[in-house]
């Protein structure tokens, strides 16, 4: 079966800010393959290349070399994003729109018919518990509410692939639990979830497979259970070891 | 006490400011007249208001020409004076002006040719009571620069032409208040009294005053305003003729002859008047001026 | 088209939810009504100065709305990061450019309709005469001109990072063209070579926005512009809009957007 997300020798280089410096390689020959129905955790320290990889998958940045595909379609084609939902880490939406208007706007972009859009908006606002605030402009929302609006807009097109960037960042424990529940529900529906997070405990609980990237290179990839067994340690210790902050563990 | 300390300091500062202001009030008058002026526009714009006044005066001229007017790039074609604004069709000033206003010429390229479809390309003057459209601009120009004489004279001309005699008189008197020595405004005021109000006595007084003012200001000039002297003297002479004061009329025409561009015409009039004087009965006494 | 119209709809919503338009309309209305209420020499029939002031204010306000609204579209999206959830949808960068352009241009059109309705009421109440066809033609030409301005500013917004610098430069350029565009050929002919060639080249290159300023025809109750000329001017404007929009797309499509 065709992978949902696939990168082949993906390389992203940025020109140096100053003329004296060498160019910066953000992603080095990354090969990833994520299958349908997986919850995949994409981990790494700050500056590892996670965000750059996501930028390429979402079409914000062009790869220097190599290729990336979503549902077998080159990421440079807009149609590749027809079946994805994306929740950015920092959730900023048009502040002058209400939650309902925002969702309706995105529904129109996906070409969802009016009646179906109305039904989905009602369902999603109930799901993220924003029904009472649907007519209020987003500028009046708290951070948590904005995060929930973000989740709603990521789900408006009933995506087969959800790309989440730090989905629980800034949420209280209740909010985090709700996000985990939503991810689990999506998994049960056969959706694929690809997310980056620094909350390793959460990743260990939710993810089927993880990849750890450091200095642009893929260091380790595999099933969470397999990695724990292999390194005889939890995910946090494995992570620290990979990035060189722990003594060697027995393999 | 500590709680009120900031408020007390504030009060002290306010008191100090107030005291300083009373001391500086008198001294500041010698620094700048602008701040002491009671005219808001003078305070805001200073002498820059004259630029705006000039702009509004030109705007009146543009309005008079219904938008057909040379730009600053056609400076050579811009009217040199405002005589066209008070000249009637057929007069020499009007004909000279007509030639001047033919500034457009053939288009230099296709862009200019096409662009002429969107602008006014015909030289016209306002007529048929539409001349009143220039009055707001002249009023604004006068507000901004009360010392610009021609604003008053042009406006008064058209106000009289539109039958607004009282408004014309009021405006000219306003101009006179701001320019008490202006013989131009006095002359126009005299015309108003003579031609519109038919008040010869008043007109005579005003024109006499205009002549005196002209002598005071222009006589010593290397290039005196002879046209205005000609205007005042000829009109006053005509008034005296109508009132029967032929001797004075002749005197005035002699004065006008020195300034007139057509002395031979005036000489002929003088000769006719002298003949009338000679044939008049000695017993007939002239009306007292 | 769905995407473009959805984007345009958001731009229009933003315009009427921000205060700019209402402030400008209020200022225009107040200044016009105050000037119109002044009696000059007890003549109630004087109307041209009111029309002149009102139309000048309408032109200034429309330019402020056009340039101000357009200059902040894409930079604000980048700064507020709303561009990321947008481009994560199946939206091309060309659709973003087109959608923003359509929204800003339509918003200008709506603003112009309100302004011209007000103008029609004020001038008609004095003149007791409504040359509707002239008003419609003036509105159309001004709207088409604003389309060129919006496209130009949109190009500037992908070139300059700061909306303020884009807005300032755009204002200067647009005002320069409106005031001096017609006379550049005269200025060119007065210069020595090679300056003459440079200025004349510029004269042919710039969009002649001054063609669309037919205020004088309205103020001085002149004839309509011929409909063929109006159509040709519209086509000319559409071509320039296309040039600027394609230019904006060419620049925007290469810009990396980093999260």
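Letters A, B and C mark the chains in the order given here, with residues in each chain numbered from 1 onward.
One rule holds in what follows: a residue touches a chain if its C-beta (ideal position, glycine included) is under 8 Å from a C-beta of that chain, and two chains touch if they have at least 3 such contacts.
What you are looking at is a predicted structure, and each value in this text was computed from that prediction instead of being measured.
Colleague: Which of line, ring, star, complete or other matches the graph of chains that touch?
Modeller: Shape = line; chains linked end to end, path left open.
Colleague: Report the chain whose mean Cα position is at the greatest distance from that of chain A.
Modeller: B
Colleague: Measure off the straight-line distance from the CA centroid of chain A to the CA centroid of chain C, and report it in whole Å.
Modeller: Roughly 41 Å separates the two chain centres.
Colleague: List the centre-to-centre spacing of chain A and chain B in whole Å, with centres computed as mean CA coordinates.
Modeller: That gives a centre separation of 79 Å.
Colleague: Would you tell me which residues of chain C are touching chain A in their complex?
Modeller: Answer in residue numbers: 2-3, 5-6, 9-10, 13-14, 17-18, 80-82, 84-85, 87-92, 256-259.
Colleague: Help me check something: in the complex, which residues belonging to chain A touch chain C?
Modeller: So the residues of chain A in touch with chain C come to 51-52, 54-55, 58-62, 78-82, 84, 86, 88-90, 92-97, 101, 105-106, 108-111, 150, 153, 157, 163, 165.
Colleague: Taking the touch rule as given, give the residues of chain C at its contact with chain B in the complex, in rising order.
Modeller: Within the complex, chain C touches chain B at residues 38, 40-43, 45-49, 141, 182-183, 185-187, 189, 203-204, 208, 210-214, 216-217, 219-220, 222, 225-226, 229, 232-233.
Colleague: Please output the residues of chain B touching chain C within their complex, sorted ascending.
Modeller: Within the complex, chain B touches chain C at residues 63, 66-67, 71, 73-74, 108-109, 111-112, 114-115, 117-120, 129, 132-133, 135-137, 139, 159, 162, 164, 167, 171.
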